[in-house]
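Before anything else, here is the set of structures, which you'll find just below.
In what follows, chain A forms one complex with chain B and a second complex with chain C.
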Partner chain A sequence: MTNKILKKSTVPMEAEGAGEGKFILRLFVTGILPNSARAIKNMNAICEQYLKGKYELEIIDIYQQPSLAITEEILAVPVLIKKFPLPEVRMIGDLSNIDDVLKELDLK
Partner chain B sequence: MAKNNKKLLEEIDNLRKENVTLHNQLREAKESLESIKSENIDALVISHENALTVYTEKASDKPYRILIEKMHEGAVTLFENRTILYCNTYFANMVKLPLQKVIGSVFAKYIEDASKEKVDALLKKGSVDAIKDEVYISASDGKKIPVLMTVNPLSLDNVFVLGIILTDLTVLNENKEKLWRRTVQLEQQNEQLESANNQLAFQIEEKEKRDAELSIAKTDVKELEGLNIHKENILATLSHDLRSPLTGIIGMADLLNESYETLDAAAVKELVGLINKASTDELSMLDYYVEWARIKYASDAFSPVKIELVHYVRKVIDILNENAVAKNLHLRIEIEDNIIVFADGKMLLSILQNLVSNSIKHTREGGEIIVSAKRSEDKIVVEVKDNGIGMSDEIKDKLFTPQLTSLSNAREDNKGAGIGLLLVKGFIEKIGGEIWVESTEGEGSSFYFTLPVMPPLNKAESTDEDKFTENV
Partner chain C sequence: MKKLKENKSDTKHFNFPKSLTGIQGLDDITLGGIPKNRPTLLLGNTGCGKTIMAMEFLVNGIEMFDEPGVFIAFEEKTDELVLNVKSLNYDLNKHLANNKIYIEHMHLNPEELRQTGKYDLEGLFVRLGQAINKVKAKRVVLDSLDTLFHGLDYKILRSEFKRLLSWLKEKEVTAIITSEIGETFLTRQGLEEYVADCVIALDNRITNQITTRRLRIIKYRGSIHGNNEYPFLIDEKGITIFPIISEAYQQESSSQRISSGIKDLDEMLGKKGFYAGSSVLVSGTAGTGKTSLAASFAFSVCQAEKCCLFCAFEEAPNQVIRNMKSIGFHLVPFIKSGILTFYYSRPTLQNLELHFLAIKKIIDEIKPTVVILDPITNLMTEGPNSDIRSMLTRFVDYLKTLHITVMFTAAITVGSIERNPSDEGISSMVDTWIMVQDIEVNAERTRSLCVMKSRGMAHSNEVRKFKISSTGIALSPIILDEEGSLSDSKRRIKEHLNLSTSKESIGLKETPQ
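Let's turn to the complex of A and B:
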């Protein structure tokens, strides 16, 4: 169980931007359910305000792309995965606590 | 001992690092569980044998259901046997039946007869891959509705269904129809306008033609009017010139007739002498006009040949010598013997006679008249120069026009200089030359005219002095 949560990324990384201190972020959601909707809104706001020009955000609907969800070994949705800069970090929930989010992303 | 220590220190460091990692992992696990417990999630996800199982509390497809229900398109899912598994409110309204009557019914019921084959084909193809086409639906009241039908294959939980979206094309088609009709109308109007335009263009052309014709006609009228005046003037001069000597003759004859007995011999002799002279002058005048008329109206009278200029000038001097001597005028010729011109001899005589006669008239006693000629390119320029009274600019301007007749009246009789200059100009231009005058009032005048040396290219040459016949 722990192994699953411990992440060594097995997913291929986008080569570009990875070395420049750019944030590579993936947000997994379930279509238009309420928490997912909030997570998307909050993520966009945070990115625009704190990471402007230095981020790449992918929003993945697990119904539309289940294979990606399997590969990343998602536990619950919505979940934000910071792939870069290392270390990889996961946050489950609707991301409405901005302070916590910023702390996890090492922006505070 | 030291080696052991080092090893121990290393181990402690490793353990410390491991501790931090474990700590982080634990924290993350705790946080995850906290989040799950706090209900900030929409679903739990279990990956099992490469398949995803999603556990949600709320129906995650609810929003989609709402979308399908509320949209303004008909949505239908069909079992493989073509009965309706599900349809949305819009479709039920389209066919004008309540939802519960539609669900479970046979789809073909709502297809218009003429479209049945098409729909069948669509459903077959749509089982493999998405496809769409325009067909007709028939509502329960028999009304035909044009729709765009999209067919998609769907497999839901191992059940194979067809997903169908129907877009009502009625309004679209109506608009298309309206647009089409409007286009046709506009095209017609356009044609009409073009036709009207062409007509207008044609009318304008016609008008312009007529205007041009009118303009030409006006010019012609002016010319004719001019010619008419010209003719009138010539006739007036003619009449005057011929009548004046005659008036004198008649007057003197009358006097003789009435007073013959009372007049003495000397008076009678004088009168008779005057009558004689006047008659001779009249004859001369007549001859001159006949000559003019002949030249003017009998064109074969014009036969230019190569002639020696000085010969003719001498002739004219001979003719007018008496007049010159009467005023004590000196006539001089400055023309070389070998100057040849191409002209009609009789015409040349008339010209010279006129000009010299004019000069004699306008030169005071003791004056001098010189006739000279010089070469200039392919022409000879003849000058008749006098040191007489000259003429004003006003007279100069009117010199070669019919209006000059009024001036000749004031002069003494002459051998036909009345319409002389006009005639002279005509003759010279006929030969292909030009005539002009330079004059200063009080100092004298010079008349210049040009004569060609060679005949014009297409005429045969003929020289000759023998052709000159004198009957002047």
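Let's turn to the complex of A and C:
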């Protein structure tokens, strides 16, 4: 467990070197269930509008990669995890409340 | 297992599929276990034993029924859990290594979470599904639900809870979901009322400064079950529930006799002694020789090479042994050979049910022919009289079903029986009642003994002198002084007086042993 956390924490460090101030985002979804589909749509919209060119978004379907659900301790879905910039922030829900999302991402 | 179930339900009109928990007593109350392939809710406050009960259900599943299990801990971390149940002799590491059990810690910290819209707990299902596949689980425990749902909004909680239950049914696993009771969502919202098939509540109650854990089945859809609150015990062997199902009506009454250990007393009891499997009460004021009488019985049982359990609530075993040695009963060899077992416990240590539970465990282990409780009245301080009476009745019934002869001694306070209703309560449920008391004969304190009642046999009505000497106990007729030679009628009057209105003489003559 601790090993994995360590590995994960190195990700943003590398990313920092790669691209200054880039947002590392991970969105965990479950297939194309309505909440997930909405979350993906909302996420893309937010990224395009507010983070253009300075983000890395990874969309993970835990139906396809269930082991990631364990390592990332996912229970509620969809969930957006902001890996970088630190601190790590988690948001559950379909991201339809854009104001809240922006606030949590420190973009507003 | 299937066979067992069918056997159990032979007499029932409907064969409800059940899964044995392997927890002592619980399978009796539920008449065969919890609903198979369905979720059962286990409710209770902190410290009631929910986690332990759930864990025992899983471990028994592995060890007794070869059904692998999954334990999802929302509260404790895996290593903590393994450590916590180690004290109960569950070696989870072994089962973990053999891939028979899978433990996963899941947590949802609402403070870390910001809600930005609609969501569900699909992640839980994905992980649960994985866990089940990993060990091919037949049994699942979710502990505890309120921790998982804490801080979630009620609408989601409600729909996810329902979804969880039906998901578990689909997966065909027998599940136990634990949850806090009371202030939590379950009871407040009445969810458990309609969504679960079986709801069991645990409780931890303190009466007279003694804590008792109790279990009650609130609901069991499609099955009959015991309705009462049943006390249970957690010790190093796990959980034991004492159902004390009254099966007295089924018991066979034996016509075999067992000697009381005193020839003269046997003589008074239709010349043969007690009925085997009956209950005997010896009551009397302090210092009348109740314990000696009980020890004499125990001694004779041991001499006949039958197993005896002596439960001492007043004196420590060593003291009983020493005292009885002084009147010619050498108990030590029998203890050494394992024929005689002592159970000693302070009455105030725990309440009556738990004493019985502990005694029951020993009975199951050593299978005695005779059980002696000395004295039962010491236990009576621990709770209201009606409770004790029903408890005792059920305990006597339980012993009767096992054909165990039981002897209680009861210390009654100086005074009449009428003034001591608890004693009356006992005397109505015993088969043989022997009264020992001090009477005054020729201005001398004399121990006397009489048989107040003895069901199903012609017993003597005589009051006999009861003599304890270094060679044991002997009975003899009450001899009157030279000039006395009381006429029969006078003697009878005296007898009568002794029995019913001898308060004064007893009161004056009470002496320490």
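Convention: the second predicted complex is superposed on the first by the 89 of 108 C-alpha atoms of A that agree within 3 Å, B and C clash if a C-alpha of one lies under 4 Å from a C-alpha of the other, contacts with A are read in each partner's own complex, and residues count from 1 in each chain.
Keep this in mind: contacts are C-beta pairs under 8 Å (C-beta built on N, C-alpha and C of every residue); 3 or more make two chains touch, one makes a residue touch a chain.
Predicted model, so just to flag it, every value in this text is computed and none were measured.
Using the contact criterion defined above for the overlaid structures, shared-chain residue A:77 touches chain B and also reaches chain C. With both structures placed on the common chain, the touch criterion links A:105 to neither chain B nor chain C.
In the superposition on chain A, A:43 makes contact with neither chain B nor chain C.
Contacts of A:24 after superposition on the shared chain: neither chain B nor chain C is touched.
Contact with chain B, but none with chain C, is seen for A:32 once the two complexes are overlaid on the shared chain. Residue contacts after overlaying the shared chain place A:90 against chain B and chain C alike. Judged by the touch definition given at the top, the superposed model places A:60 against neither chain B nor chain C. Shared contact residues of chain A, touching chain B in one structure and chain C in the other: 30, 33-35, 62-63, 66, 69-70, 73-78, 89-94, 96. Those residues of chain C that touch chain A in the complex are listed here as 104, 106-108, 112-124, 126-127, 129-130, 148, 152. Of all the residues in chain B, the ones that touch chain A in their complex are 25, 28-29, 31-32, 35-36, 38, 40-45, 47, 50-52, 54, 56, 58, 60-61, 63-64. Residues 2, 5-6, 29-36, 62-63, 66, 69-70, 73-78, 89-94, 96 of chain A touch chain B in their complex.
Across the interface of their complex, chain C is touched by residues 28, 30, 33-35, 38-39, 42, 62-63, 66-67, 69-70, 73-80, 89-97, 100-101, 104 of chain A.
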